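Please find the structures below.
In the two complexes below, subunit A is the common chain; its partner is subunit B in one and subunit C in the other.
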Partner chain A sequence: MFRYLSAAALAAAMVLPTLAQAEEPTDPNVNARHALMQLYAYNLGVLGGMAQARMDYDPELATEAATAIYHVSMAHADRMWPEGTEVGATADSRALPAIWENRAEFDAAAQALTASAESAMGSVGTDLASLQAALGGIGQNCSACHRTFRQPE
Partner chain B sequence: MIGRLAGGVAVLAVLAGGAFWMLTRPASLSDETLAALSAHEGDAQAGEAVFWAAGCASCHSAPDLAPGAAPEHRMVLAGGRSFPSDFGTFYAPNISPDVEHGIGGWTLPQFAHALLQGVSPEGAHYYPAFPYTTYTHATPEDIADLWAFWQTLPADATPSRAHDVGFPFSFRRGLGLWKLLNLHDDYATPAFDDAELARGQYLVEALGHCAECHTPRDAIGGLERDQWLAGAPNPAGQGRIPALPPEGWTAFDIAAYLESGFTPEFDTAGGEMADVIENMSRIAAPDRAAIAAYLVALRSSPNP
Partner chain C sequence: MFRYLSAAALAAAMVLPTLAQAEEPTDPNVNARHALMQLYAYNLGVLGGMAQARMDYDPELATEAATAIYHVSMAHADRMWPEGTEVGATADSRALPAIWENRAEFDAAAQALTASAESAMGSVGTDLASLQAALGGIGQNCSACHRTFRQPE
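On to the complex of A and B.
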């Protein structure tokens, strides 16, 4: 009898964590946020690849990528960042509670990114040095927001 | 474990006071080092390069310094940042050239004594939150250059805040024992013949103090040198500091990251590392390449 009970307990112990994980899909808001970040990275890969001489400078492609970054930044809809989606509260989130404790600063950081992307749109096609300067501006804004509002891995 | 160890330290002090006093006596600079310091004419411009490589501003700039602040703001070494640890909370002191509240009244040998051996002008041991176990490998010439650069920095009159450390760690003399175990003359990794790798080793192991976060610590806070740069829990809270070099990164990737803050996937540095990038983006490109070469060389023989 005891043996059956312990077998059942063991089976439950093995299955239950799996069930618990399966019951907690990533919040759609978190998924949307990650999708935005991937689009940033995809386009920064073009600007960064040229800035770091991993690929040839191509003014048209650079302008296209900067334009995409600008539009992605404009999609920073407030509803993607509802309360209760911070790290620990929902799966896969690294958003720090500081976002909701200091929402005005968070929104200002998003606006600063938009401003730097807008200026990059007009300048990255000029020459490589302009692209490098513009990328530095965008990178500062990525980093400033991440260091304040994202939990390090 | 720490409590038992602390008890052990206290008992040792009572039973063998004399021996303890001898063992924990702060060391002096060698005649050789003093001679090298006085023979070298400090070059403030070269000292600025040492300043960024050694990352002084990351701990000693004001706590409210904005991310991405201009270098002249990072150069105000007013202190005040807090560093929580298992042993208490340390507060970075004011080390600006202010005579009353900073270190403006120090001499070059006193500055070198602090960096190379973690000893204050009054002869007290510093807590190893100040990474002198790294700086002990710095050359007297670099320290003289750094001191020359220091004279160009702005003075700030912010008073230093006392550390919030309980007994027995508040008994600084006991740090002499800690130093016997943790203040090493030699590098953690074997010497390199290649000039670039040797330069990278100097930048990482003598100035950059990467290991302070990227190497795990033992129960008394000493670096586990056999786990060199193998990654460690984040002392500042949740999360983990990654092993170096990051898996799959080339030397080019590392150098580009140190310059721009962009990972090869074009994510950006966050957390404490974002501040490290503020320093590393200001050192010479060949130095970033040397750091990258050294780290990649560790991949073939990790954890010596």
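On to the complex of A and C.
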């Protein structure tokens, strides 16, 4: 059952191996998309912490975190995923070839995240149940995209 | 003279030592603010490349980059700079104690960046001269904040 989502597990899975050692320098586009994912995880950690009662519910902080997720999604750029940056082709990448084989679906997944974050901005400050529902929506978009387009660790 | 700014130098100075090795793990808040700076640099690189004719002027791409800078600035959060994360107190930090000694000025500097990026969103697509002027405005805000609140390398 996918209820209010294992946000902690999600956030943990999204946190990037920023200290990983690479033989070759990481492509700036790959670094940029990792920075994007890191900011998603940072803010999802707040929502997840509240959803799972590891943190007190704070409507203002929840709204700030959801708003940040929305703005981070608006900084998502096509050029962060150029051809030749799939797993194995460049350092520090777990991007699956499916991204370039089905770019329209990949782009739609990014837009779905923006939509769920925009909706969450307006609802997570209402009460804890609203936060849990909104986080479920965001989390489903994260998971759906990762399942299809990112290689498991 | 501060004309259309040495954006390349600026971007280079902003790029973070993501592969730096730390004895202790970096604080998640410090990682998050570094990710923010990395996304600024990534997009400033586009504007700087065009301003200095290392890239063709592309109004659509310029607008995308300025828009991303605006949205990244909107993901800036107070909690990314908690007490105890100044240079020397935590791994990978060059944040000066001035941030906590004069928080109002620090916050105002962040807001000034948002304002200049919001203005740039609407102007960088007009022509190259407009892009250079807008980049100068953003760059002055970057530099002013770094001069006061970040330790030189």
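Criterion: the second predicted complex is superposed on the first by the 130 of 153 C-alpha atoms of A that agree within 3 Å, B and C clash if a C-alpha of one lies under 4 Å from a C-alpha of the other, contacts with A are read in each partner's own complex, and residues count from 1 in each chain.
In this text, contacts are C-beta pairs under 8 Å (C-beta built on N, C-alpha and C of every residue); 3 or more make two chains touch, one makes a residue touch a chain.
Bear in mind the structure is a predicted one, so any value in this text is a computation, not a measurement.
Visitor: Touching A:G45, do we find subunit B (first), subunit C (second), both, or neither?
Guide: The answer is both, since A:G45 touches subunit B and subunit C.
Visitor: Once the structures are superposed on A, label A:Q111 by its partner contacts, choosing first (subunit B), second (subunit C), both or neither.
Guide: neither
Visitor: Should A:G136 be classified as contacting the first partner (subunit B), the second (subunit C), both, or neither?
Guide: After superposing on A, A:G136 lies in contact with subunit B but is clear of subunit C.
Visitor: I'd like to know which partner A:R150 touches here: subunit B for first, subunit C for second, both or neither.
Guide: first
Visitor: Of the residues on subunit A, which ones does subunit B touch that subunit C also touches?
Guide: Residues 42, 45, which sit in both footprints.
Visitor: In their complex, what parts of subunit B are in touch with subunit A?
Guide: 66-68, 234, 238-240, 242, 252, 256, 260-262, 265-275, 277
Visitor: In their complex, what parts of subunit A are in touch with subunit B?
Guide: It is residues 37, 40-42, 44-45, 48, 51-52, 54, 87, 135-136, 139-140, 142-144, 146-148, 150-153 of subunit A that touch subunit B.
Visitor: Please name which positions on subunit C make contact with subunit A in the complex.
Guide: The contact residues of subunit C facing subunit A are 18-19, 21-22, 25-26, 28, 31-32, 34-36, 38-39, 42-43, 45, 64, 67-68, 71-72, 74-75, 77.
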